[in-house]
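Right, one structure below, let's go through it.
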């Protein structure tokens, strides 16, 4: 910092200005605004980054009152300005850091204190409905790219003194502000400390998105499964806060990170709790079925056709035989071809603007659905299976989990083509073996099934009626277990 | 001081670990063995075997209770001194090794006969060793969790086994005690051995978090196994005639061949593939015990390297040697002979010895 | 360690091929037929589906000569377009002539011993030379194997014959207390007809058969009346008919051993529906009388069926099961149960209850 020569601000305004000009070379958006304030006039210097400030606020709340100041100004503390958030410093380090964050620094000749004024204002999006996690019954507000706004969205749900916020920054160049939100009387202090230690250890240039921070601090980087939940929904964040989890808000990123998570929590949505319990339970089971279908359906097809033709009932077998008859490819190639085509279509549709995306859909649907069958490249059954798998993988509410499952499908297909059902079962065994040893912030991801916590089963495969969910899930390791009183029989 | 604090398992995990070890390859052929000796009264032998195994496992727990942080490996040295203790240590490791070899090779043999007749055995061995390695590597806690998950995942299987019941007739079971008690007592020797697996309490007991539930846990674990054995044996007896059951090698699987659903047929293929889960909960604890015992013997804390070597030896052996059905059976009978000593006579002897030893020590202090 | 995993994976992929039994390359034997040739050698037929759309026939019949089915199958591989497998077999058909001469197990062993083979295939006895069946062309039912299966199933449901799969055939044959049986199939004027029941003795040889009209009574004896067993009786004087359908029944078989022979006291309570009556019966007044008359008719028929099976020295009904369960000591003394059964005295006492007689008086 400052070449190690000057650590503190001097009394001379000229010298200070020189120091600034030496430091901020080739920074055209840094504005030096010279003013004469008070009676008698005293020299002052206002600096700010033109691109990061709210100009109205500077003109109206700083420059205007300063120009019309009639009192005598001795020290910087005499200056009264209509801005709530202000601070004084003598350190260059602070000055520069704050200026980069959009604050305005006021230097007064003959004073080595600098007044820092909160005039932040940068281009930002309006609060809108989240794109990837839309909801039917939940709130339609989504997080945006500003940390403060995001915290505000969460605080609106929890106006309670136990909601604690701890701020820190990550990254040498980016100084990304990161805020940890938790309920102090609920969240486990060990988990919190573990999380803080991990964030502290991150030593990088900057964090561009929450997903990056997630990868730096997760327990097992070699796992295909996500270990933190990323969400754009404030209600989801609050719901998890209340279960005793910790929410990490990263500035400049519209998604917040939540931990510790268990495997099953990736199959839950906030909507589950606002839907009637029978329907919510049905949806939970549907998602679980989708999970198994998305991983095992194509491989089961391959296994049955390559090894275990005898498990298919005769009538179905004759149909399959007829439809496979013209196909020159072995089942594994047929399946991989179609699954890859599907993944490409999905990826293509994702990155394209909506009107072109539709075209991709039509091309994919027609080409892959019909033409490939008619041309005799793939069989009818395969098309059915690919479509079912695609639908199943889209049902998984969490996009990270959905992607992991889509990826796992391919090794399963290879295993099935080599060893049939045995290969599939061994693959399943490996997945289970991995899941039970996986941890999220030191909490087992297999909970509440392994280790078994029967009390938590009320909110897993089935969602019990809300009045029965009197305790917070043990898998989040809450220190205060009771969530609600027994008020209904 | 708690030596294994980081690796503690819950009572539930302990139950499933023990009963998972008990239910394994034996159950596939048990009905045939029983029918051979005791006709359709064989199921009574299971009940007797259940009581005996509960007594034996209670004795094990009572022996272990006095030194709650000791596995059998520590215990043997504590009571028998360096030389003789090491001998017992090695004997127990050899027992676990024999058990794991039997389980792995039988599993491979059954897979080859029923599902993958054209796949060479070394490939199947490599395939089996993958999950074996990854789960064993992580220690007792993961073993416990794995046993738990497998228990939940396989809950549907006994229900399925009961499906052929409607095609059989209860008349096969009558009259009870048709040949008197003599053949039943003879069959008890077989059933007692099918409960083998509880002797791993010698190793897993120190890891149990709540030691006061240990005896209860052993009773529950033995009961789960006994119920499973009873269900399968009785279903086989009701379905097959008493003259046919002894002629089948794996009656349980022959039974499943008849199950057909509109969407799936030949259920034994799916059942047996899934049964690999059940077999894995038998094999993995034994492999763990072997590896854990060896690494304690050579004074290593981390058992990963020993495990890696063991897995490599397993795979290498399978390249050179493919056991015939006869060999697999011989292995099984060796295990059973050894197991009778290791799980029934040895604990009783140890219990008496330790009690006397402690009594003497107390006498000295006075 | 990661490298090690990759090495293993590569090894799997390179060696993995060649172990599969891929559907496209297989010839699925859906029906296997065994017959005796002119010189006493074994003729083996197998019917497999052909999936090629350009082919004229959607199934092919392969005929080979061999000692055992396994032997014949390896010869047939030369003819067929792919490997022949029996994992999906639907029917195993044996000609009557072969069944009369040989122990069935010596021919069927391969289907039981190889776990890949299906044990739920129907076991059928064919009346006549098998080539009549194998080369029959059915215009309305293009797949012969499926047609055979369906004919047997339909006839079984209407109790014109019975149904037995390979596993049950073995189960009954090996049980000392029972003998096995099988449905009979015929070809008449280019049509498949299933009717009657073939009876096998302890040595698994064909010894005789029950006629088609006796089949429903056999089903009643086997306690197999559901969904409905329909019976027709001629009234005494006029040429009029009464048809009933047995809806449910309560059965009790009480064995006892007296004077060196087994006695069976068979009681059954049948609930019937009158489905047809060409003559007028006043149901209100004569219900009791009709019930009695029906019971007597049924008793007559059942007794003749039992006589017949006693004559053949077989026990397909499973009287032996009761004997073993309740008279174990005496049962064990018998060297051969069917022989003892032939001497047994069987009293059948059916009672009939008319539960409904339709919408007409």
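As written, the chains take the letters A, B and C, and residue 1 is the first residue of each chain.
As a convention for this text, a residue touches a chain if its C-beta (ideal position, glycine included) is under 8 Å from a C-beta of that chain, and two chains touch if they have at least 3 such contacts.
Being a predicted model, the structure only gives us computed values, none of them experimental.
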| task | Indicate which of the five shapes (line, ring, star, complete, other) describes how the chains touch one another. | result | complete
| note | By Cα-centroid distance to the whole-protein Cα centroid, the innermost chain is B
| query | Which chains touch each other through the most C-beta pairs? | reply | A-B
| Quick one: chain A and chain B, Cα centre-to-centre, how many Å? | 46
| What is the distance, in whole Å, between the centres of chain B and chain C, each centre taken as the mean of its C-alpha atoms? | 42
| query | Between chain A and chain C, what is the gap in Å from one C-alpha centre to the other? | reply | 65
| task | Specify, in ascending order, the residues of chain C that touch 2 or more different other chains. | result | 12, 16, 19-21, 87, 116, 118
| message | Residues touching two or more other chains, restricted to chain B: which are they? | response | 116, 119, 123, 127, 130, 260, 265-266
| Where chain A touches two or more other chains, by residue | 307, 310, 314, 419-420
| query | Any idea which chain B residues touch chain A in the complex? | reply | 10, 12-13, 111, 115-116, 119, 123-124, 127-128, 130-131, 134-135, 138, 142, 144-146, 148-150, 152-153, 260, 262-267, 269-270, 273-274, 276-277, 280
| said: List the residues on chain C that touch chain B in their complex, please. | reply: 8, 11-12, 15-16, 18-21, 87, 115-116, 118-120, 165, 167, 170-172, 174-178, 318, 321-322, 324-326, 328
| request: Spell out the residues on chain B that touch chain C in their complex, using ranges where they run on. | output: 113-114, 116-120, 123, 126-127, 130, 169, 171-172, 174-175, 178, 239-244, 247, 253-254, 257-258, 260, 265-266, 268
| said: Show me the residue ranges of chain C that touch chain A in the complex, using the header's touch definition. | reply: 12-13, 16, 19-24, 26, 28, 30, 49, 51-53, 85, 87-88, 90, 116, 118, 143, 146
| field | For the chain A and chain C complex, residues of the former touching the latter | value | 305-307, 309-310, 314-315, 317-318, 320-322, 324-327, 330-331, 414, 417-420
